[in-house]
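Encoded as structure tokens, here's the structure I'll be asking about.
So that you can tell them apart, the chains are marked A, B and C in the order they are listed, and the count of residues begins at 1 in each.
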Amino acid sequence: MNFSVKNGTPVIAWLLVGFAFMFGLLTDANADPAKEVRIATVAYNVNGKIGFNGTAAIVEEQGWLKEELKKQGVTLTWVPVTAQSVGVTINEGFANKSIDFAGYGDLPSIILNSGGIETRIVVPGGRGNNVYLVVPPNSTAKTLADLKGKRIALHRGRPWEIAFARYVAASGFKFSDFKISNLNPGAGAAALAAGNVDAFVTLSDAYQLEDKKVGKIIWSTKSAAQDWKMRAELWGAKDFIAQNPAITQIIATAYVRAVYWTSQEEHLDDYLKIANQNGQPENVFRREYSNDSVPWKIRWSPLFDDLVLDHYANVAQYSRQANLIRKDVNTKQLFDARFLNAAIKELKLEGYWQPRKVALKGA
Amino acid sequence: MKKIRDLANSLHTNALFFVSPILLLLAWAWVCSAGIFPEQILVSPAGVYQTAHELWGSGELQSHLHDSLYRLVLGFAIGVLLGMVFGVLMGLFKPIDAFFAPSFNALRQVPTIAFIPMLVMIFGVEETFKIVVVAKAAFFPITMATYDAVKGIPRSYFEVSKVYQLSHFSLVRHVILPATVPPILTGLRLALGRSWMVLVAAELIAADSGIGQMMEMGRQMFRIDIVLVGVLVTGLIGFLLDRSLRSVETHLGRWQQS
Amino acid sequence: MNIINQFLLNVKHFSGLLLPITVAVVWEFMSRQGDAYTYIFVPLSQIYSGFVELIQSGELLINLVATLQTTVIGLVIGGFAGLFVGGLMAVSPLANKLIGPLYHTLRQVPLLGLIPLIALWFGNDLFSKILIVSLAAFYPIVLNTFEGMRGVEHKYVEVASVLKFNRLQLLIHVLLPAATPSIMTGLMHALAFAWVSTVGSELLFSTGPGVGGLMLMAQESSRMDIVIVAVVSIGLTGLLMNASLSHLRQYLLRWRSVR
């Protein structure tokens, strides 16, 4: 009784594996010019509905981008990304070509480019967001010095690492002076609340921790030099930009339109309503924006000025020193200012924002 | 003549055993050298080996391994101990069974992994959390296996042993152990596999050391080579754990028959 | 005498509820011990209102359905693939020798440990989740299909050869029915693993709707009540699926002589 199949069947298995692989990597077999543009953005899943965060929410609300792309026969697809792992998810998206553009932070982009996947800044994201250092409410720590040798939760490779690293260096310390726990923001907040870490580096959710009485802010970039804030920009895949300059231009214009609208003080309240779909209370954002060293209008400046250039040079240098990347990144080539300049011209916004000629030197 | 044929046969079988893994390795190496995928997406076997070598040379790999295995051993030991005690008690004493069974069965339905966010909130992300996770993953299958094993000893065994006036020692040695050890061992093997998987997942989610964390850090730093080393190491450990318990099972199976 | 027995019986029924009730009382007590305690021991009333909130907003249902959907799709894909590979290994000794070692080696890699790799290769969306869940369902089905078909009594196979069945007929008319009990056992395991990996992959991929994502968000905003509701619904849904599958099993295997 022999009922063996003669041919070597694993061939089929291999083919299946191969197809699966191809499917994953080559779903982007877009002809030039693209028929679809995929923009990754931080989003929150509320009631099973996706709510966007920040400028992407405004772009979507304005609807201009979708319309303009439609005229070109291009569909716009937003790719939602959770705040827990923005950098990683978007880097992976660029690597497996499942996204064309993304609004995300400085350090992950440097890590990606150092890894050999090339992306470009299309529209800089303004002056950036604040980074906070939070300790438990009953902690006696007042400054970083009080936390020496203590455990600090910090999601490595995320933009706020840069701001924190500057603070650490400016205070005359090294990372090795602390016990750094690599925890995503959710786990970090939980660790702080449970008393498992002595401090936590995070963004504006710091205020929520304060409201819940599980944390107190002892430091933030609000009072620090302007280029200490974490930066996030609109990034595009280098190849996509090269092959689809017209689409890229529409997107750049849409983003500049959005930040122009946002930067007008009278739109602040509307902005908070539209761009605040992540479940965080509105007053958290009000506090993030209030009493800041950067005025509201300038906060949204999309210009490629010395501040941006300097910031990225700094990020690249830090990443190399901290051994986060193995290859140097030439940060100059990360900027592709054509689209922004054209957008400013098209929208007649020349002179609305002033470029910063000389970047502030971080302490 | 027959011996030679047997030898040839066994060689044939053993050779076949390695065919598919070697094919996989060759295909991997070929795909890399052909440059079908960029190296950021698929690192070659040689590249992975080199990274593993570097990680080993710097002592990083050992320290992660040490942390992971320590958590596994400690958590597993706790889970096994509690599970066996619990299983025996529930198996032998009806009131205890009735008292715990509904809660036990309800909790058993929830995958350990689903408890991770809750456990993180309660225990934070330190060692306690990981050890609790491992212990929880081990506890339920072992309790079940022990309970079933104890329940599975036919009443007649005890009656027969009474008739033959067996001592307590030989009752345990010749009746209880042979009847309960094999199913408990199977439960142990199952539990060990689950514990390992849950530990790796827990380390991926929240930890500051361990193999899972090494992979997560590799992922964050876009170092696919480190991730691949992690996948290979976790697979190898899973394989070795499974194999060693299997060999204990067969060994004891023989002992039981003799 | 009868009354005493009745009483003991009642106590026995009741005693199972004793533990949960005690836990609930202690829990509620702890929740009243101040702010630091309410963080973990959320009052029972709050768990209930969290539950009502999740139901009214539809959040629980939407996420649960998404999770279920992933599980079912993964189960179907992994199930059929597993049936195919397991059947092949049972029918062809060569296939068995070639696939077997790879299967037994790869099976030991903790599935959720593959997530960083799969995320990079296939992205972070539903496809990757389904891939993980399919793999989780695939492994037990292969094993049980293989063992079920291998364990088929020889006389059946002989009858088949008398009837001059070809291999496909043998597979469909003899091996598959005979292996059904074992395959159903495999399916039960597959369901459990698929369910675990769906929740796990939702926690690790953290994109898209799903109960795992709901839990993560609740954890992030320190909403223990929502976490508890999510955990309970994961448990209950798992229980329900398990129960319905075992009913299906009984139905499919009703032809078997019951001892």
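FYI, a residue touches a chain if its C-beta (ideal position, glycine included) is under 8 Å from a C-beta of that chain, and two chains touch if they have at least 3 such contacts.
These numbers come from a predicted model, not from an experiment.
Contact tally for A-C versus A-B: the pair with more C-beta pairs in contact is A-C. When chain centres are set by their Cα atoms, the one at the greatest distance from chain C is A.
Remark: chain B and chain C have CA centroids separated by 18 Å (rounded to whole angstrom).
For this pair, chain A with chain C, the centres built from the Cα atoms lie 36 Å apart. Centroid to centroid, with C-alpha atoms defining each point, chain A and chain B lie 39 Å apart.
Looking at chain C, one finds that residues 39, 94, 98-99, 119-121, 216, 219, 222 touch two or more other chains. Residues of chain B in contact with two or more other chains: 20, 41, 120-122, 205, 216, 219.
Along chain A, residues 10, 25, 88, 95-96, 187, 190, 193-194 each make contact with two or more other chains. Of all residues in chain C, only 12-13, 15-20, 23, 39-40, 94, 97-102, 104-106, 108-117, 119-121, 195-196, 199-200, 203-204, 211-212, 215-216, 218-219, 222, 224, 227-228, 230-232, 234-236, 238-239, 242 touch chain B in the complex they form.
Residues 13, 16-21, 24, 41-42, 94-95, 98-103, 106-107, 109-118, 120-122, 193, 196-197, 200-201, 204-205, 212, 215-216, 218-219, 224, 227-228, 230-231, 234-236, 238-239, 241-242 of chain B are the ones touching chain C in the complex.
Contact residues on chain A toward chain B in their complex (touch as defined above): 10, 14, 25, 87-88, 91, 95-96, 111-112, 114-117, 153, 155-158, 179-184, 187, 190-191, 193-197, 324-325. Those residues of chain A that touch chain C in the shared complex are 1-6, 8-10, 13, 16, 20-21, 23-25, 44-48, 80-82, 84-85, 88-89, 92-93, 95-96, 98, 185-187, 189-190, 193-194, 205, 208, 212-214, 279. In the complex of the two chains, the chain C residues touching chain A come out as 35, 39, 57-59, 62-63, 66, 81, 85, 88, 91-95, 98-99, 119-125, 127, 131, 154, 157-158, 161, 167, 170, 206-209, 213-214, 216-217, 219-222.
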